[in-house]
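What follows is a set of structures for review.
You will see two complexes here that share chain A, one where it goes with chain B and one where it goes with chain C.
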Partner chain A sequence: MSDTANTNLKTGESHVKAVQERFPGAVLNTAWSAEDQVVIDVVPSKAPELIEHLYYERYGWLSVVVGNDERPLNGHYAVYYVLSMEGEDPSYCTVRVQVPADTCEFYSVTPKVPAVVWGEREVQDMFGLKALGITDNRNLVLPDDWPAGLYPLRKDSMDYRYRPEPVSDVENYEFLSETGDRETTVIPMGPLHITSDEPGHFRLFVEGEDIIDADYRMFYVHRGMEKCAESRMNYDTVPFLAERICGICGFAHSVAYVATIERAQGIEVPPRAQYIRSILLETERLHSHLLNLGLVCHFSGFDTGFHHMFRVREKSMDLAEMLTGARKTYGVNLIGGVRRDILAEQKLATLKFLDELRTEAGYLVEELLSTPNFIKRAKGVGILDKKIARDYSPVGPTVRGSGFARDARWCHPYDGYKHLNRSAFTQDTCDVLGRTLVRVDEFMDSLTMISELLENAPAGPILNESWTYEPHRYAVSATEAPRGEDLHWAMIGDNQKCYRWRAKASTYSNWPPLRYMFRGNTISDAAMIVGSIDPCYSCTERVAIVDIKSKTQQVLSRQQLEDYSRNRKHSPLEKRGTRYL
Partner chain B sequence: MFKTIKEVLRTGNATVKYPFAPLERPKDARGKPEHDAVKCMACSACAVACPPNAIQTPLDFEANTKLWSINYGRCVFCGRCEEVCPTNAIILSPEFELAVMSKADLEEICVYSLQACVECGSYFAPTKQVDYVARILSQNLNDEEAEHALESVRLCPQCKQKADVLRFKEQSKKAGEWL
Partner chain C sequence: MILIILACLQAILLVAAAPLVSGSARWMRAKFQTRKGPPILQDYYDISKLFKRQDLHTKDSSFVHRLMPPLFIGVMMLIFMGIPVVTRFSPIPLLGDVILIIYLMVLPRLFFALSAIDTGSSYAGVGGIRELLIGVLVEPAMLLALFVTILATGTTNVGEMGMMVGSFAAVNPVAVALAGVAFACACYMELGKLPYDLAEAEQELQEGPLSEYSGPSLAYCKIALYMKQIVVVSLLVAIFIPFGSATELTVPAMALGLVLYLAKVVVIFFICTIFENVVARVRFKLFGHQTWTVVGIAALALVFFVLGI
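Right after this comes the complex of A and B.
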């Protein structure tokens, strides 16, 4: 920030200057959608190189890829690549590529920056835009039996309640593997599986006990939230829908959504409300990290630890209930501030809760880390290589366990975090143990932060209600949820509704690199590795419309049979699967 | 191992008696919205604010009534209804055990009569809401505008418009400037 002040540049302008110099004529237009957010319109053919330059040369990380049907506004589609610039001149750089409505084609950035692969696949599914040269052309979101040519998020395509008839009963999704010449056995896991609470289909390609490669497919329980928000909800009721994206980091989503509107429209949030938001965000981190520490115990066979973690976690749930009126879905956010103040007696009660949590969790962490079995199961398992991490832009403890200090709270400080002087916790071991230790550090730090925020929160109003809005302005906003950055992008329309709302949950960024974390481990580590990214399926699956229902079951068993006949030497796969997983 | 056993002994029994004993909830916990049918005047402010449309207020033109209905199966317990209600007719109680044996029992409906226009007889707004407006207006008796509004409070929008035009005509005549 100080650099920009000295040279009289706006926040993010140094990046614009750099790309203008490097790619003359490629930049068509630049505009600031919010104070620290610059939008660069570029010549479509130059976009891949330009994004590569921002990503690798100027220390950008991919936050989200947003598709938008702007035909009613300007006659084109648009794809927005939102990059979080975390080196010099921290800011959000959005590269906007206009896609002509007649050809619907744009140049894929995936070959240059692998991190955008899910984003571009989703844009292909939801808007029917074609990414030329994309390396992975499979459906991401839409099921196999979805009618061709029906693109859910196009403005003129369908009502949000429409459920098309399935057009095929064969599963034609191709699972990819890089196994070389080795003969591998395929172990299917899911979509409904005993070790996971939520549906996802994993294919582990194994040689004996060792995982050679893995592929997976998500989006089995689509809820169509974005479409629902755009067609049914009013823009001011969306915070309550956003809160229901996730059962764990709901409050982080609701803060992220209201902040996009506040930033895009320049709505000022009273300081006390900002402090309260941060206090509640940290409260949410408390229970989420205890949940994951419990699960890591469970996956490593230490179920006593699991039960104790959940017992202590209950205290953090009580704390949330006392402060907000609900264990989860706090429901305290409105655009412009919060609805519920923290009273003096609640402050005292909170401090007491924090003390108890610190002592109890301290015991448990010490206990966990002195359990030799846990260390053996976690150390050196599920390595997320630094290069892979850099290429795929994962978030949260997953990337911090691999040594990158990425944390939206400190890279782009917001709300009460602006007043705290801290940096992110990291570990360099890149394994399950590293990610677990990051969570332990963050949990303890959250306790300190909450008491600091309570102590320093200024008195004053908590809700600003005197504002108006201007349609079609947009901005991004990130909050650091317990699992990583939740990023929302929203544009209000002229009919009291969101014109486009894109919600990216933290786990969405962590799925693509998971494949590399599987490689070289044994089958029995698979659950441990998946658990270490603290996955949230429902977060990922907030987009499309249909669920596959019973068809999946049927198709899968046929596939299982196929796999068996292909690798006849081995025992029936189903048995293997249940034995090890 | 030793640490684990020590921790188990230190903790003791963590199980609570619920559901065999009541569960204590903080006093501001948000649970079932309790509707006070007497205070409510069917103004629909809650229905407009309700994010999941759990509260709906459809008009029944056959019976000339307005329904106020809540579906607890849809309710997300956000408390926006409580916040916007002008008469404090809806308050979130800490009650959270809402399970029922039949889905239909999740819905509660109140029926409110509509006010007929004293001029043309068409129904236009809930009687209680009209009474509420009349009561507020009658508290501002020194205000000329409020007095006129009170005179036409039981007129439907069309008749009110007509009355306003006539009044304007009278006023203009008095002032002697006929437009």
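Right after this comes the complex of A and C.
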């Protein structure tokens, strides 16, 4: 960890000083893992108050909670609370709590700062650490039929290929509701969400048409990427896994991952590569925002708009294909730079694409906003109250639609954004309409930004390969994906692998406050509300077939389904006489 | 005797033509969305396929769920037998009574909603309740508009009302014209097209009451819903735009009446399809506001009638 002795205050040092003054003796150690990233080691019992202080009084927002099994390094577990300080002295402030390996207990921060609830639940699932005082003890990531006592991310627990037998045959997740003494009906949505056709199990507790409360279960298809990266992949191949986290914001993930390594190792990325990264990040924003604008049409029953948005979106996919060689901006990033330059004729073609997109999308947006009933469907629906937003640290257009100018591009400028002078777009209406309008503004701004970046990109190399590998250094890095901040935390080990890699997709931060956005709306708004956070899940569930006549139930195993979908022969249901598949 | 044959022909043609109407609407919808879209006859293929499938009903459902599809089709055929289509007068005058028609239309709606609640499925249940609410909100507007026309023409028979309107013999032409507008709006809401397809809203309720139907029952439901669209439009044509239909039973007059009827229906469905494709679905809670506007127009027609213009 860098210990350059500066006479002036380092970035983030004001926060350390404030904490030391407020909580004497709580800070055990302070270190800088990268230039703008301070790590504060604290006394475990003081952590909740200390984080509360940083969060609420020094304008911090929660970025991610990272658990780490550091027993091979120092004999303990550790939990890192990464806070993005966005007020004075913008920086990343990481609070590190050491968890003893014998008790595995630490004090939950959730009662003080609700935003960490998912992070702490995940640490409980993955490491078996016990958060004392956490109110919600249900599984978050692990399936409900996962064997007790098997904690996947402990270094000594299991091989990444191991698939334990389910311990229970039925879904026993308990859905919580705060409906008071009102009599409600349960409307189940999922495990496959009805309109976005993705896996997520929602329970709406309704009274007539009004939603009183809602709860949901996610992570049906946790892919175990972190475990896979730690045990199988080399640290320099992880960017290609990271971009496959998401089919939409893949490039944002790979930039975020490579930047953690670059920051921790102090690698200088050539300016041209930085510009190229920003250009491609914005290209990704173009097609993602058009996707969401299309979906908002679909959810409101305006399918004509949906199809036209997708027609125009194809243009942005063509742009991506021309710049990167594939419709998705995959396979471009390397640690230290990028693999592909943008040539002069590609620059000209890009500018032409941008002009077309500007006219066509502008026309469509105007059309959408003047469509009868659309404004009425979006205005005042799915209110994300400012207080809730502050408590739960949502990201992206979701939080910007509630008036907070949180945007990693401008709060913690990185890559080409350092050279652009801008601030985030916000709307004060806190509803679906606000979030949609933020996306419209950002889309138009992305077009301008791409042409500015193209004009100003300096000539020069695009990859820096001369650096030395130093194990066990870590850093965080955030990119502003179209849906919000993607945050990666990576520590590389002494074996050319990631010792611990934590990737947080943008939607992860947006799920917890969703419950509050449902309340007080009607069933007809539910799809609009889920759609307005632009959620991102990933696929497939086991299938159960019930035969009504014989009243028997047959559950197909994953293996049977996999075999059948590979070979298309010997359907597991064939002998039942009716063709289902 | 000829009239009874005509009435039967009408009913059979209604069943046969229903998928064509919806198929054309689907085709046009695809054009709006810059898609190639299915062939116009696609709904015939869909329905014939559904007839080959298994007919499943939920365990908890009673006879209502099984009875609804044939009942819906039967009632629609019955109503259509009494509506003047090619002719100016009602083929079976007994069935041409407008009050009877309105009540007959309530019957399948009630069963539609009941069968939805009967399934025990929460989506279908919500859809069924919505369907009832739509009925409660739209029918007053429809009835009020018809009430004005009945007063102005002095009859409750659809054929005779059309006769009076077609020969401009009604005492209060302005009131009747305005009632026609109100009735047309109410008819559009009754069609179950966007933005008013609340009971079956795909993105909200997964086809609502239809979600628990399958195979032949689903095919019956689909045909019946398309038939309902034709019946509602034909009712509007018969009362308020009867111009050109045959006043006597001669071949040339009937042929002209048929051609003109088809032309009118095609134009109306064309307009409806355009409208359907440029709007977003109305928010369920605000639906009442829009029906009140229609009731307002109908009330205005009544005021004009009282004033004698």
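Going forward, the second predicted complex is superposed on the first by the 528 of 581 C-alpha atoms of A that agree within 3 Å, B and C clash if a C-alpha of one lies under 4 Å from a C-alpha of the other, contacts with A are read in each partner's own complex, and residues count from 1 in each chain.
Basically, a residue touches a chain if its C-beta (ideal position, glycine included) is under 8 Å from a C-beta of that chain, and two chains touch if they have at least 3 such contacts.
Everything numeric here is computed off the predicted structure, so don't read it as measured data.
Student: With the two structures overlaid on chain A, would chain B and chain C clash, or do they fit side by side?
Tutor: fit
Student: Between chain B (first) and chain C (second), which does A:T329 come into contact with in this model arrangement: first, second, both, or neither?
Tutor: So A:T329 only meets chain B here.
Student: Would you sort A:C297 into first (chain B), second (chain C), both or neither based on which partner it touches?
Tutor: The second partner, chain C, only.
Student: Just to be sure I read the superposition right, which of the two partners does A:T185 touch: chain B = first, chain C = second, or both, or neither?
Tutor: So A:T185 only meets chain C here.
Student: Return the chain, chain B or chain C, that is in touch with more residues of chain A.
Tutor: In the superposed model, C touches more residues of chain A.
Student: Touch test for A:Y55: chain B only (first), chain C only (second), both, or neither?
Tutor: neither
Student: In the overlaid three-chain picture, which partner chain does A:S524 touch, first (chain B) or second (chain C), both, or neither?
Tutor: second
Student: According to the stated criteria, A:H308 is in contact with first (chain B), second (chain C), both, or neither; which is it?
Tutor: Both partners, chain B and chain C.
Student: In the superposed arrangement, does A:W511 touch chain B (first), chain C (second), both or neither?
Tutor: Neither: A:W511 stays clear of chain B and chain C.
Student: I'd like to know which partner A:E321 touches here: chain B for first, chain C for second, both or neither.
Tutor: A:E321: touches chain B, not chain C.
Student: Can you work out, in whole Å, how close the C-alpha atoms of chain B and chain C get once everything is superposed?
Tutor: 5
Student: Following superposition on chain A, which residues of chain A contact chain B and also contact chain C?
Tutor: In the superposed arrangement, which is not itself an observed complex, chain A uses residues 304-305, 308, 311, 371 for both chain B and chain C.
Student: Would you mind writing out the residues of chain A in touch with chain B in their complex?
Tutor: 233, 237, 240-241, 244, 304-305, 308, 311, 318, 321-322, 325-326, 329, 331, 339-340, 363-364, 366-367, 370-371
Student: Going by the contact rule set out above, which residues of chain B touch chain A in the complex?
Tutor: 3-4, 7-8, 10-11, 14, 25-26, 28-30, 49, 51-52, 76-80, 83, 92
Student: Where on chain A is chain C touching in the complex?
Tutor: 185-188, 194-195, 209, 297-308, 311, 371-374, 376-377, 381, 522-527, 548, 578
Student: What residues of chain C sit close enough to touch chain A in their complex?
Tutor: Checking each residue of chain C against chain A gives 29, 32-35, 54, 56, 59, 122-123, 126, 194-195, 197-198, 201-206, 277-286.
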